[in-house]
């Protein structure tokens, strides 16, 4: 069987270097190009890439993806910064390339995606929910993007189920003690030397609590998700937002 | 709006007493009968019960449910001991009562059901999985029935996905250190004064772990699940095994 | 052997009622008086109480304790609100009653006391430390008094060891995300239906983390600590602040 | 100020290489020798080493340490396999070298040492205690040596306090479910891809639980403990067993 021809854009970055390793290690994939900052995009077409993994930065990503779409190369994108406006432009480009697929995912960690998806499903069954995310102390933003996204999904699910605001009798609090409010969900950010990237979603109701926890120890943990995207994007023309669409989370028979 | 007429069979037991309280506290339900050991089943028909909550013991449950089915009373059953043979008999009885529904659930805890369901869905994405269940030291069986059922669901999902046996280089172990093997999943049972009923399912793969945890503090935690069953069983003729079928876990739009 | 004669002041309150039960259940103690709001303090002397457990409220506690000291009755006090000024007055009263002892403890939970004490000891070995406390949503203050006290002890231990401020590169944060600052220690307060009273102290350094966690499920959890105080206060004249002084935490041989 | 002259024996091993890095990075230490398998022990005396870090294997360690003692070089030993017999021999050698110190520690992780020490102190306050240790699936032994040692310390502390056997009503159990029995303490060993080295000690009593947890993410986590030993061994002639003796865990004022 012929291997899928894969290129990595941003191959000298930390995530890109991991992607190069992961593609090289996969039996069914062939790395045909690894582009750094100074390499021309034409390298992709010359190398005959079928799928490009795009791991650069927000300023460069839209042009890289546009190039791929124009040349019928499917793209799996881990770069952030895709605003609604940029997504609209991309959708226009994809309309002119009907067989081509682009996956943009804010998070390629299987555990992180499961946490978000399950949190969204569990939300309507519990009166209370809060998020505690924990990261190394070198992180610039608080809360993490994943925690904010998780809170938003939970807030939407609670609203759709008609749940009222969460119970909270706090009448005397120190500033910051009750966390940041994201879509009605308190989010707490812990920064601790020795940690990497962790998130806990705590649900509670009368007499019981239910907790989802994800621990990511290193960048390698994103690669199974990236490869899943690479293998599936050829069968999914158009724009796909979020790895969960390729995880068949609704395909399992309840009686299985 | 008229209220749903509900009876509790086994109303003097610990679970039954909680069910009586829960039905009484619900605006849309009316408690029309509360049967103890010495009460006749005819009380159910005389009281005009539409749904019966059955919380007795394995020897009594099949006859109670058969009576309900024969008289067109829907049943929500929390009693254990329903073997394949007993279920087959019940299916036959239901075939003669086409509009009547019976829900038999091994666990009415929403958190426990979510843990099992999500564990089943997550299983095929991770190389490793183990279960740690933790209970008060008065518990007779180890592991808990919920942990055994969870392990079986995980084992089936791994087999369906073609996953190999779990990695484990243990070559020198004390007896019992690696837990009990249930369907290829190691299960560890902790017994600790101060605990009630808790379960953790730990998944692991390269560089990341994903954990589901359920903590049940008291019997009241099962009542939201029992009431969910009571409200939904009228719309589900025939036999339903497991509360998860009434939780619409597949009904949520991924982009919601 | 004659039993120790114990009285409970505030016996109709929730904590007081537990104390009555606990004293009654102890073989070596005899409950000789149980005072409610309307009972006279003279009941204590008439009953021949040797030790009084004082569980009332901040406005009543100083006069109750002063009465005990004046009559040579040792006191074990769980009421809050003991300011420096009130403590100074009490010390003066105790100076005139040389054989009498008073124990005032902000927390009688053995686990809570161990958490505070061990946190204090561990503090100087770790670059980072944060506290997450979790309670039922009916709690009025955030963070809990125990969490604030724990943070203060940690802050003092870090200062004594000459540790610099904690590492934290956060440059963009939502309001409240990084918790409340108590003595340089971020403290996060979670409020969740189904929880009772829980606290986690997380320490981190290069490549490792160390966590202390205390879970209190019900008020009964404070009674072993109250009884420990009752049994020991007779041998400790003067004022003792904190149950830890009766726990012999330094008495264990390292090679034991 | 002159720097302390340090040698590393076993410098090509995984732990030894970390020690070389750690000594080189410390301002107050000078690496004067780094011996591999083929280097002569005389290198130590020629280099004028004051302290040697010994990280080799059980067969080589006794002779290495004997050489150090004979030449007045203090030793900090992380190699395992020090039986009672070997320790007796070493004590004899040290008797002839009164100013020289040897520290042998089964574990240099600060968090692991604190876990053991605090577990030992907490043991007598709780009716129940169990240990769950969690490691990567490449580990050969189960439970870990640290977990076994922790269980033994707890068992000794319970015996010294006159505690009875733990409560456990288990009457029907799958093989292995209740863990391995080490000194009366059930120990459970989890093996999961994605984990490194983790341990949880769970204590429980009426209405409360207390948990100590240690997470070690990489070998670097042992180096702060090794350096602490290097700096303190010169002031501790004779044989010291366990890093805890250099951690001043009893030196902190309770009112600090």
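All chains are identified by letter, namely A, B, C and D, in their written order; residue positions are counted from 1 within each chain.
In this section, a residue touches a chain if its C-beta (ideal position, glycine included) is under 8 Å from a C-beta of that chain, and two chains touch if they have at least 3 such contacts.
These figures come from a predicted structure and were not determined experimentally.
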- Message: Do chain C and chain D, two copies of one chain sequence, contact each other through the same residue numbers, with over half in common, or through different ones?
- Response: same
- Item | Rigid-body rotation angle, chain C and chain B, from Cα fit (steps of 5°) | 180
- Item | chain A and chain D: spacing of chain centres that average the CA atoms, whole Å | 40
- Item | Approximate Å spacing (C-alpha centroids) for the pair chain C, chain D | 33
- Chain centres from averaged Cα atoms put chain A and chain C apart, in whole Å, by 45
- Residues of chain A that touch two or more other chains sit at 126, 194, 203, 205-209, 215, 217, 221
- For the complex, which residues does chain A have touching chain B? 109-111, 114-115, 117-118, 120-122, 125-126, 153, 156-157, 160, 203, 205-221, 223-224, 241-242, 244-245, 247, 249-250, 252, 254-256
- Query: Which bits of chain C are touching chain B when the two form their complex?
  - Reply: 194, 196, 215, 217, 221
- Contacts from chain A onto chain C in the complex sit at residues 126-130, 132, 134, 137-143, 148, 166-182, 186-195, 202-209
